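Here subunit A shows up in two complexes: once beside subunit B, once beside subunit C.
For the complex of A and B:
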């Protein structure tokens, strides 16, 4: 797993997984549809990657489908970081 | 006059024959006789010869499926009730269900009611502050939860003196903390017979918390007699018939998930479909198609999310089994009605009600011409009107907006706000129950939603109180004061926006913004997390120092700010 994905994954585990929740989360784990990150909290995840990588992701691209996996988020980040 | 539940029966015909007494007769409820929701939803169905009918098809995100017949529901709710009794839960105790949409949540709800205790379901995404406020106010004696949510409870347990026990449905004994119990329902000896507590129409049943503009959330207390309203509206407004396969995608942590995700449909004897998963359009269409759902009760936010995914995705699934669609939570916009007509082949029917009403009170009936964007007409047995805000007299002029109000006395009406008689009294004006929403009535008798009459934020169909957000924000050392208001949103209708004044020495930056978001998400809930934060030098206030949220809200909505003469000059 590359550094970008690792950073996003670590953030997801740290911020959205409760103590006692023993679900395994990997780069292709469904986050939104899997109920780990809800559609409201997705905004804070978007803010995190925008702040961390100094980018602005247009709201139209920040869909539940695009943010559903660490893989998907990393792909989006790469598009805007060039 | 007799009426039948056949599709296409006109609104007028339906209206003519429907009375609450008819519902009582169908349910076998005698005046002043026993009513126990848990018993009515299970034992009564089995006694009617339908014990072998599938009551619940449950599926998780990965597609694991579990099925329960009505006889399974009966025996398992007996077993759960006996377990609670053995654990010391007694009639009248508040028992909280703090779980995702797992089968134990549904079975536990029925069990608590069979035991004569009061069910207090809470949304499993609530953070510690939201949870503590509601458990402390209710004096909750017992909580049933899952391992993944136990941490939040453990962190606040010392501040909940009334809380006697915590039971965890999926924990091994070695994982329990002192004072906790394991509740492995599948491993408990089955209890074939359990005498339901002899509750009557006015016995407390369910406690649902709802947010207001000021103060803490209020506990709307319902009674077992609410069954009459929930059953009758499920049958006639949602058109549920025993042969239906019905999906209500609301979470039982909110009133829709209990009134129409448990009580109404099971009292009708239908097969309920439950999907314990987050939103995914492909998955949702696949679920409807796989289980050949016939009736779907959803919400405008979900419908708008589906619209955003496009019509083609819907058309790739066989959804021909659907015969009735209904929606609740916030006003259903006309575009969504038109879209569903085109893409799903039938319109969503908007229904209006709230935590306090307990059941649907204004609705677009099956068979009634739908005016896209309208709430519909009052359910038979409900007298609804709009009141002049200054005189509290009904407005006679069609199309004029006023306060939506109901004549008290329908079976599912709340009976109290828990330990808050003052707030309850304030809901009644001039002999009317005032809902807190503004609406108008057109010349055909259709009701049209205008907006809230207070500062409460309706986001994705859930009410969020600004006071809770502003109080939680004060815990942040950088925040001097704040105001939370509703901001328009194309998917959720409204989302939370907060205006923040920082203390001297603190400056606005993206770290602080993210910190505030995560703080509110974890302390309160994802619903209360602001989707936007604006740092400002000051907030509009009255000369007595009260923050005037309406000015901030009006700016967000592009509306006139109104009279500013009472505001402080700065």
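For the complex of A and C:
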């Protein structure tokens, strides 16, 4: 796993996995459709990558589908970091 | 014609998809007054069946209380049926102001404004009071109406892990650059029945310069020694900036809600909150019933004391029988099953055994967290709860769930 994905994955685990939750999360784990991140809480994930990488992802691009896996988020971030 | 065959078919198919997923909601018809025992027609057209009700928000048994019904009757005769107006045009009777003053005293706040419901209070309060320079930081398990209300507001939105004070503090630190920070929580969480750590939340708010909003819909009237709510229970009376709550649960169960708290904030809601400005005033009979509720609650704590005893007793019965029950100290006692179909099947069988409960599953609760939520009332007598547990044990034995914890249940049924 590359550095970008590892950074996003670490944030997801720290931000969304509750204590005692034994679910394994990897780069292709469905986060939103899998019930780990709800759309209500997704905003902090978007804000995290925007701040971390100095980018702005338009709301129209930041869909639950685009944010559903660490893979997908990394792809989106790469598109905006060039 | 816009609503042509294809259009109709799309909606029919959508309903079919909901039905196929096993998620179709169907109402059961209650033939009579809400209470501990009710006559229920289900499926539609079948003869009514008398069942014990363990799923109402009728925490204090006021939904059919004779003194409240009489007070509402008297107001119906004296004040008419409806107001045919929003509050600020010609929809405010002196009764509305009286109830607002009584709620202000009861909740221990500076002022109160009635709304058509607590859903409306939550829909209006954020947009009226907060803007782009502010941040709203909510517990992840707050009620859906708070989520909707937050989405209507231009303030930045953030969330913290359920009742995780370290995570909340991290968020408060992160958002120090904002003009106002508002911490948002339920007092008693409706699906889990656990109580917010309001004492710790208030301490964090004071340390990091934040305001606090509590939705106390599942607490007003019975949590705390005098039933004032979660803020009384947690020893922070007078320290909550905004309370939203409902008349639709413990306080009579009819309709109506309110925003209560700091007087400037309440007054700004009166000026700006759209559900207050654009929806009808609560009917006078309902207002008079709620005034009577507060009179009864202020005169005696007997009903909230009975509810507390019933809740402790019911929780003990379930735990001793071997059900996996979420820990808590409220009348909401969730029986955890984790699997949606199991929750539905057991609820259906319990109805056949004379106990009315409902299975809850995604999206009402998180995936893999399906449950039967039971709710105790002061209207229940011990024999209701004893008959209730007999049915639960019988159905629990049928599905072999007794004595099983989360991992065993998930292994046997899936999540």
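Assume the second predicted complex is superposed on the first by the 82 of 82 C-alpha atoms of A that agree within 3 Å, B and C clash if a C-alpha of one lies under 4 Å from a C-alpha of the other, contacts with A are read in each partner's own complex, and residues count from 1 in each chain.
Assume contacts are C-beta pairs under 8 Å (C-beta built on N, C-alpha and C of every residue); 3 or more make two chains touch, one makes a residue touch a chain.
Since this is a predicted model, take the numbers as computed values, not measurements.
Undergrad: Which partner chains sit in contact with A:44 here, subunit B, subunit C, both or neither? Use first/second/both/neither.
TA: In the superposition, A:44 touches subunit B and subunit C alike.
Undergrad: So, A:63: does it touch subunit B (first), subunit C (second), both, or neither?
TA: After superposition on chain A, A:63 lies in contact with subunit B alone.
Undergrad: In the superposed arrangement, does subunit B or subunit C reach more residues of subunit A?
TA: Between subunit B and subunit C, the winner on subunit A residue contacts is B.
Undergrad: Touching A:32, do we find subunit B (first), subunit C (second), both, or neither?
TA: first
Undergrad: For subunit A, which residues lie in the overlap of the subunit B contacts and the subunit C contacts?
TA: Comparing the two interfaces on subunit A, one with subunit B and one with subunit C, the shared residues are 18-19, 34-35, 38, 40-41, 43-44, 47.
Undergrad: Note which residues of subunit C are touching subunit A in the complex, please.
TA: Residue positions touching the partner: 138, 140, 147, 157-159, 161-162, 164, 362, 366-368.
Undergrad: Subunit C touches which residues of subunit A in the complex?
TA: 16, 18-19, 34-35, 38, 40-41, 43-44, 47
Undergrad: Please give the residue numbers of subunit B that touch subunit A in the complex, ascending.
TA: 61, 100, 125, 147-152, 276-281, 283, 305, 308-309, 459-460, 491-492, 495, 510-511, 513-514, 517-518, 521, 526-527, 529, 531
Undergrad: What residues of subunit A sit close enough to touch subunit B in their complex?
TA: Residues in contact with subunit B: 15, 18-23, 30, 32-41, 43-44, 47-48, 50-51, 63-65, 68.
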